[in-house]
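Look at the two complexes coming up: chain A is in both, with chain B in one and chain C in the other.
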Partner chain A sequence: MSTLRSMMGAWSRLRHIHVRWRPWGSRWVLLLALAMVWELVSRLALVDPLLLPPFTGVLSRGWELSLSGRLAGDLLASAWRVLLGFALAALLANPVGIALGLYPAIEDLMSTLLSVLRPLSPPAWIPLAILWFGIGDAPAVFIIFVGTFFSLVIGTLAATKAVDSQLIKVALTMGASRWQSVCHVILPSLLPALITQVRLGLGLAWMCVIAAEMVAVRRGIGFLMIEARNLFRTEDVIVGMITIGLVGLCTDRLLIGVERVLCRWRAGLAPSQLYVRRERSP
Partner chain B sequence: MKSSARVFLLAIGLTLMMLTGCTPPQHRGPITIGVRTANDHVPFYVADRQQLYRQRGLDVTVRLVPGNTEIIEALQRGDFQIGAVPVTTAIAAIAQGIPLHIVAMTGRGSDGLLVRQQDGAADVASLRGKKIATIRASILDVLLRYTLEQAGLDPERDVELVYMAKLGDLISALKTYQVDACSNTEPFMTDAERQGWGRILTYYTADWPDHPCCVVVVRDDFARQNPRALRDILAIHCAAVEWSNEHLDETAQVITDYLQTFDPDMVRNSLDRSRMFIDYHLQTEEIERMAGLMVAQGLISSIPPADRLVDLAPLSDVLKNRP
Partner chain C sequence: MSYLELIGVCKRYHAVDGEVVALHDVNLSIERGEFVVLLGHSGCGKSTLLQIVAGLELASAGGAQLDSRPITHCSAERAMIFQDPNLFPWLTAVENVAFGLRMAGYPPGERRRMAQQALARMSLGAATSLYPHELSGGMQQRVALARALVLDPAVLLMDEPLASLDALLRSRLQHEIRARCAGRTVLFVTHSIREAIVLADRVVILSPRPGHVQHDIVVEGTPPRSLTPALVHLEQEIESLMLQQEVSSLS
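Presenting the complex of A and B:
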């Protein structure tokens, strides 16, 4: 009887593990399937391997670049530029976005300027970046800054406008000053949206890195990819793409964790969870 | 069906859909030649302008492309059958196994070092400790490093090389005092002199007289399947080169029309024999010498065999059968 009970216990534990890790399993199955198909079509010459080198060839090239220390050096150089450019953009864009959301007069004043500057792609800023900041890291950081700043402003502006006005009214009625209502009502309400902004913005910053590293730098993932393209080393280009993708994945997971900690009060309020709860309730 | 199996099938379907766009098509119909906006690509502009292809019964489109890499990528995909690119770009592509051959030259010389008129260096050796802008892994980079070495400078230690992406960025950086010199090409260098702010410090021909600059490359399958069309195109190329050299004023006007930037007088100056010259003659040794420089500079791992780099037969046929 006890053997049966322990077997049941083990089965229940296995089921728990299976249910808990199933979403991860599906994700990895998708990636694994893509890698297998990629390898097959390249190995069977369904696609010219010069246009799409085999997945294992790319992995082996990535390993070589890692062992030589080139990949780590380039990654660090790019990460530094991305973090600096993005941090400056976030520090400036969030207060600007909140101010625009709170004061319609300022929004009216700025909206045309924002609409004109926002669509300019990062490479369009390269000539000015060189003229204004010279050569080296500064223009690269500027290009990442300018590539993320306007999207962050627009996102924060929209989030500020979406804050429940009743909450602000209640705070003001209860004697809160304007500054207190910003600190104790608006900012906490904005927090989830701001973290989403950071997630999207960091992705955008990594998207700008290639344009940024076209300007007078000698290290960086973007530089590695540009050099590889000039020399037709397709494997190196794909290694650079995969590296940026993996870094994006890791930072995104990290930020989701940060969001869970900082926005604990929202636990259980997500629409999907509400739906699931309602479906499950008798 | 289990969800993971569904995901697997979906992945296969999506991947196959994406990859069907990667297979180079078999060549049928019109021939496309990819060229860039540069002085030594003018034989193709001339042939296009004078409708020399049509007169020979060839359906040829000359397509202007902004960058050398894009020309090779289009050749690789099969969108172009023939292209004109710098010799280093062609060698790098062939070294990576792209099925192309160099079949003719388009120009020699034309690349050099540009400094500012006022405070620029007196000679190459006096660039020690200075910042020099170049485009990584390009012909401007390979020849710059070679020239620095000839002047007794180590490109990695004695100067600071600054890498940029476009010719225009090199000029901007020099003009605005971000760098002390830049590697560049014609007609941009003559234009800088004419504007009064730039001075040509040296042409790379000083260390390698008449070095190869741009070459004509052809897809191997096109050359195999269409030997006659290739010979006709090379014959037209030779005729256009000769016409260009005999009619430098008109050639300058054609370049101006295609580049839509400069004035004909300036372009005419840049075509001077002391700066560059348009040519079709090709020697395997000079291509191998350039490949040797690229190996020494770590851009390719080894010199590809001569028969992989160059196919002299079509051009020899053309020259043999000329009246």
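Presenting the complex of A and C:
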């Protein structure tokens, strides 16, 4: 009986250890399993290795590109374009979105124009970008700018409309002017939404980088991938994809950290906490 | 002329199914330092009237005057407290109380000292650095009261500030409000007849929509009052007046 009880106790402890490592552990297990399946599919020639080179081949090519400095150089060139294009878009789109959210007359005026321009995909702007800006960094930055600008405007507009109007009323009855209520009520209310906008917008900007670097530039992850595609170097294409994915992951983690610090006043039970499976206490 | 005057106030809205008249020819005179409670059925325009006095809304006809000056915009001299505390969630209790002082351009040190004193008067001295989500409902409403009182407003407008609180807390805060608002002109909206007769110098009953002043009752004795048989009788009288209003509006 006592053996049974001690076994039950050990199982209970194991379950709790399992619960603790599962969220991190399962993530890596999934990635590892995916990599193994990928390796096998390619090695057993279930898919033509020219179309899907083995995982280890991609890793070794990535290592070569890193050692030669090519990957870092291309990454820096792309990151610069992404940051510049996105920063310009955010600087312009957020005030425009807030103005549209606060003044329905301006929204009415602009809504058709926004609806027409927003669905245009970044490559659709390439001819105009070349005509207007020639070749080099400028048209690439422009394509990232237009690729993110309209989504940011729509996001900020929606967030501004969702600001609690009671808080604005309180501020006005406390003697705040309209401008003060924008600075001290609307902007702090928008902060969490603006950080989410940056997270989404930066992701979108990296998605635009391929289209942006189709315009005559000689450096960049997008250029690396387009060049590799033309030369049928599938490993390089996948190295570029993984690099963009990893950069996206790092920036997203960084922004989640920034949000935690800047929005520490946010509290309450998130929907995810209501849906989480609850463990019985031991 | 009285300190706060409402002269022929009308308010019309354009709704989907046509024009809605919320207030019709409201005339009301309130003396300096008077505590007036507005009673009325839901939708009779009590809150709209308060918002017109606050300057948040403009009357469609007629208007409000404070000290013979027409009210055309919001001002800290007419601070308002709403049903929900509406504290700014990104500011701590002390920063919330200091908000109006900041808007008025007080230097940081002075506004912090004044806000801390205002919180201490509300027995919230230990809660200064807490965020709104860390405060209970009653504490939040006391912070909202401190935030309005720290501005030393000429008129305090309260729109059902105790409606969401439990009976015990409500009774405690009724006493606190009367104590902190002594000598101040207050326009207080409530649904509770008992709350009205406990707190008010005068109870003004608005008719169902479109709202206009139907009864103006002076309550004897010094508020906050304990319920005496005479006050219970008054409560029943007001209740039957409001029931009559409802019946006549339905017919």
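Keep this in mind: the second predicted complex is superposed on the first by the 244 of 282 C-alpha atoms of A that agree within 3 Å, B and C clash if a C-alpha of one lies under 4 Å from a C-alpha of the other, contacts with A are read in each partner's own complex, and residues count from 1 in each chain.
In this section, contacts are C-beta pairs under 8 Å (C-beta built on N, C-alpha and C of every residue); 3 or more make two chains touch, one makes a residue touch a chain.
Computed from a predicted model, the values in this text were never measured in an experiment.
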First (chain B), second (chain C), both or neither touched by A:112: neither
Which superposed partner A:233 touches (first chain B, second chain C, both, neither): first
Partner chain(s) touched by A:180 [first = chain B, second = chain C, both, neither]: second
Per-residue contact with chain A, leading partner among chain C and chain B: B
Partner chain in contact with A:169 - chain B first, chain C second, else both or neither: second
Chain C-contacting residues of chain A that also contact chain B: none
Chain A-touching residues of chain C, taken from the complex the two chains share: 54-56, 74-76, 78-80, 82, 84, 86, 88-91, 99-100, 102-104, 131-134, 147-148, 151, 157
Complex interface listing, chain A residues touching chain B: 25-26, 29-30, 33-34, 37-38, 41, 46-48, 50-52, 126-127, 130-131, 134-135, 214-218, 223, 226-227, 229-234
Touch list for chain A against partner chain C, complex: 164, 166-167, 169-177, 180, 184-185, 188-189, 191, 263, 265-268
Residues of chain B that touch chain A when the two form their complex: 3-4, 7-8, 10-12, 14-16, 19, 22-24, 69, 72, 76-77, 89, 92-93, 96-99, 131, 133, 135-138, 161-165, 168-169, 172-173, 176, 178-179, 299-300
